[in-house]
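Okay, so subunit A shows up in both of these, paired with subunit B first and subunit C after.
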Partner chain A sequence: MSPARPAVKVVKYRPAGRDYGYQNARIRGMRSRLLRQSFFDELLAAKDIGAMIQKMIETEYGPQLEDRILHGRTATQVDEALKDNMQSTFRKVLSHCNNEATTLVTTLLGRWDLFNVKTIVRAKHMKLEAEELLDSLIAVGQLSQIDNEELARQGDIRGLVDTLSTWGLPFAVPLRAVLPEYEESDDLSLLELALDRYYYEWAAKRLKGWRENHRIARRFLAAQVDTMNLLTSIRLLNADLAPEEAARFFLPGGDVVDEALFLELSVMSDVDEVFRRVKKTQYGKPLDEAALLYMEKGSVSVFERALEDFLFRQAFGTGKGDPLGIGLTISYLWAKANEVTNLRIVVKGVSVGMPEERMREELIVV
Partner chain B sequence: MEEVRPTRSELLERKQQITLAEQGMDLLKQKRDALLIEFMSVMDETLRLSSDLQRTTNEAQYSLAIAKAVDGVVSVRSAAFATRGEITIDMTGTKIMGISVPVVTKGESPLRTSFTRGYAITGVSSRIDETADKFERILDVIIEYADIETRLKRLGEEIQKTNRRVNALEQITVPSLREQVAYIRQALDERAREDLFRLKKVKKKIEQKKSAHGS
Partner chain C sequence: MIKNKLAKVVFGSTFLTAMVVPAIALAQEGEAAAEVAVDPAVGVAKYAAAGAAICVAALSAAYAQSRIGAAGAGTLAERPEAGTTLIVLMALPEVIVLLGFVIAFMIGTA
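Moving on to the complex of A and B:
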């Protein structure tokens, strides 16, 4: 019997301060493994879900797919595998981040924490059991899966707020503020709006700083808020809401669409008027491109899609700047999310027999 | 054939029964024709609603597939948590040509707006919102369809029932009564002929007796 080897403790290297060298080298490596357009072409040509799984198993998604297809070779299991992969990739990126990048990235990814908290709030409002909602949580932000599960196990919204408060999470503040009004009116949207407003205000404050990396993250967040406000104002057009009612839906933290412009847009008579008003901003072009399609389909989702594409381009653009900056990380995270969305579109499309042409239209290719 | 007494009163009774059965048959035929007219108009409406339901369902399923693909199942499920609710349906009844038909009406319209679904629109994509809208439209059509389909079924059952009655009268009751009338007539004629023969015989015998006494 060979002598026992001394136990070696593997200490994972984590860069400190603002050292982006190691972090960006690892992320470049990960970026090189993103799927190419040619892979999607091959995937679109797949006959069925089985053939698609066979192709995907040879990629980065292999380990998660192998785990999930034990439960069946279905589109749902592939979807779950994609979610698992996205979660582990985002966690991996966070583990490579230096201190500054951790703050910036967790702030931007806080939208996923916001999503999870809102999902739990919705479920508690409907008095659902934790087991019913665990599959609907996605741990890619600051909150881990265990945190999310613990929050989901709270008996009611008050219990959830208390737990968030105990953990010192920012979402407790807006929830606690509107809780009495919610308990009186039973209006779920009060809680959701308070959470949305608070998160974007909190994130904008947290990203304030004179350094270029802060500015990049701040600009990207502002673009997200602007696109959301623009879209909300378009959705409010036919609602005939009074200005003070419409103001409830405004989210702070944008660069172009401030509250005054939001209110002005939301009481306009039609989309053309909104379009003319924002024509000279950076959102004019994507809206202009979608206008024709909107006339054909009459669906607001056309604008949403155009603004999402714009946002993805913005995210990818951040990666083209300083090679030792936060841009590369933001760009990679959004590229990964984009890749997962595209895979979902193809998998879902093939499983429901969607024509290839229609799937190609839905793919987000930048 | 059931036991028939071949009497004149029975003949009259059977004749009356035939007249009554023929009158009933005509009335039932008229009822059947009126029901058929009603059935056809309900059928047109059912077909319209059925194709409406088919189209709405296809559109909704397609929207759901797109929403699940682009926003993810997780987002769709999360939004669905907020929109759970109940639908109230009123069940009453009415009469069409004397037939009781249940009437299904919406207690409260299942159609909601983006602001009354429960969630805040800032956190739910317009794709998911539009999908919810399309599924609510399905519910709306389903309730209308349930009402019209029940009406169609009841009318169909009643037409079948009426048809069976007409056929029974036309093919069984009236022919059987006619047979009975014919049988009674035949029996009465037979009896009349026998009486005549007997009377002739009696007359002949009386005449023979008279001639024997005379000679």
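Moving on to the complex of A and C:
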């Protein structure tokens, strides 16, 4: 009797070390299938959700749409299909990443985990039901959709922290540290700040390194921190806070906005003064463009939007450097996220009969 | 691990070729040397140079093809229609070996 043959082990090809050739070639192929401006023009002109599905089913979103419309040709199902596509695309990109890229990309994608946990924390603070917040969660980081749903089902914030601790997830650490203070004061910003601070410090540590790829990822992370600090300082303009109170909202790790500048900006009298102070930095241009809109609308959200657009442009810009570096991956992931966000805006807009011009205003960096 | 073993085999065989080919050639040269007086050191240097020319060219082409192959596999997975272009791109580094061969030949017959 012949000896039993050993079971064949199927190993999926995953580039080792720092070989970006295979990974970037696949990403270039995927990038070539991103939707063009002309497609969005056609989509914006669609009369109803049925017409939109008809157009989108021929694109990359086809398989997920086909699955979802079995449950009904509604905007909610299309929205779910878009989220499914984004999640599977991000997982696909991660599966092709080499060792170095996996570390860098998972660190940057932790931003989505942070976003999800913060969304759940806010919802629990406001005593919302799980079903009300599930639409807002996108599982593209290390937390899966099932993890997010389980977290969303927790009865209160203490339950959420306990679950995170049980799973050994790092977000439990900052939340547990400020939980007693939160329970005493019922101040949501304590939890949010603790989470933000923890994530950006953790990410900055993970992105330390002398290689160019680490530098690109670190610079992009620093831009995220800078934009958050700028936005916070603009929001604090009329809050009349003492410097030590304002310093509580500062996030370390930015390239341009350090603590001294943050405090200086926070106590300024108006947005014009803030703009004059930062106009020589890379944030001058986006703030200048938003300042005009701010005059019209009087809402700080225009700055939020301008800085968000700036961040997307920064991400797209990382792909223009080294063809065998991490930049292309970051650029593609953010372009994909941008595309899905825009599609979700159009789907929601068309389903509620929003005018085309209004939808165009809402689209991000098309 | 496999990658390292493979690299050792490739490097070893190329190195061996670079050393053995000049030795054989030199032995043949030795027979002819009886008729024409040639400095043996010049003969060794000549064939070693010819061996090195083809060796370096072959290794360079192999490196280029490995990178193109990896990227080509990625492209093919996403865009199968680019197959023909990829075959051309894969074949391009062979020119380096051909040039190395020509240079080695020219050195050997000089």
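Note that the second predicted complex is superposed on the first by the 305 of 366 C-alpha atoms of A that agree within 3 Å, B and C clash if a C-alpha of one lies under 4 Å from a C-alpha of the other, contacts with A are read in each partner's own complex, and residues count from 1 in each chain.
Simple rule for what comes next: a contact is a pair of C-beta atoms (placed from the backbone, for glycine too) under 8 Å apart; a residue touches a chain by one contact, two chains touch by 3 or more.
These figures come from a predicted structure and were not determined experimentally.
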Touched partner set for A:206, first subunit B, second subunit C, both or neither: neither
Per-residue touch tally on subunit A - higher for subunit B or for subunit C: B
First (subunit B), second (subunit C), both or neither touched by A:352: first
Touching partner for A:231 - first (subunit B), second (subunit C), both, neither: first
Contacts of A:125 with subunit B and subunit C, given as first, second, both or neither: first
First, second, both or neither for A:214, with subunit B first and subunit C second: neither
Subunit B versus subunit C as contact partner of A:68, first or second or both or neither: neither
Subunit B and subunit C footprints on subunit A, overlapping residues: none
Residue ranges of subunit A in contact with subunit B within the complex: 76, 79, 83, 114-115, 118-119, 122-123, 125-126, 128, 133, 135-138, 188-189, 192-193, 195-196, 228, 231-232, 235, 239, 241, 249, 251, 299-301, 303-305, 341, 344-345, 347-349, 352, 354, 362
In the complex with subunit C, residue positions of subunit A that touch it: 13, 15-16, 19, 21-26, 28-30, 32, 96
Interfacial residue positions of subunit C with respect to subunit A in the complex: 3, 67-68, 70-75, 77-79
In the complex with subunit A, residue positions of subunit B that touch it: 61, 65-66, 68-70, 72-75, 77-79, 81-82, 84, 113-115, 118-123, 125-127, 129-130
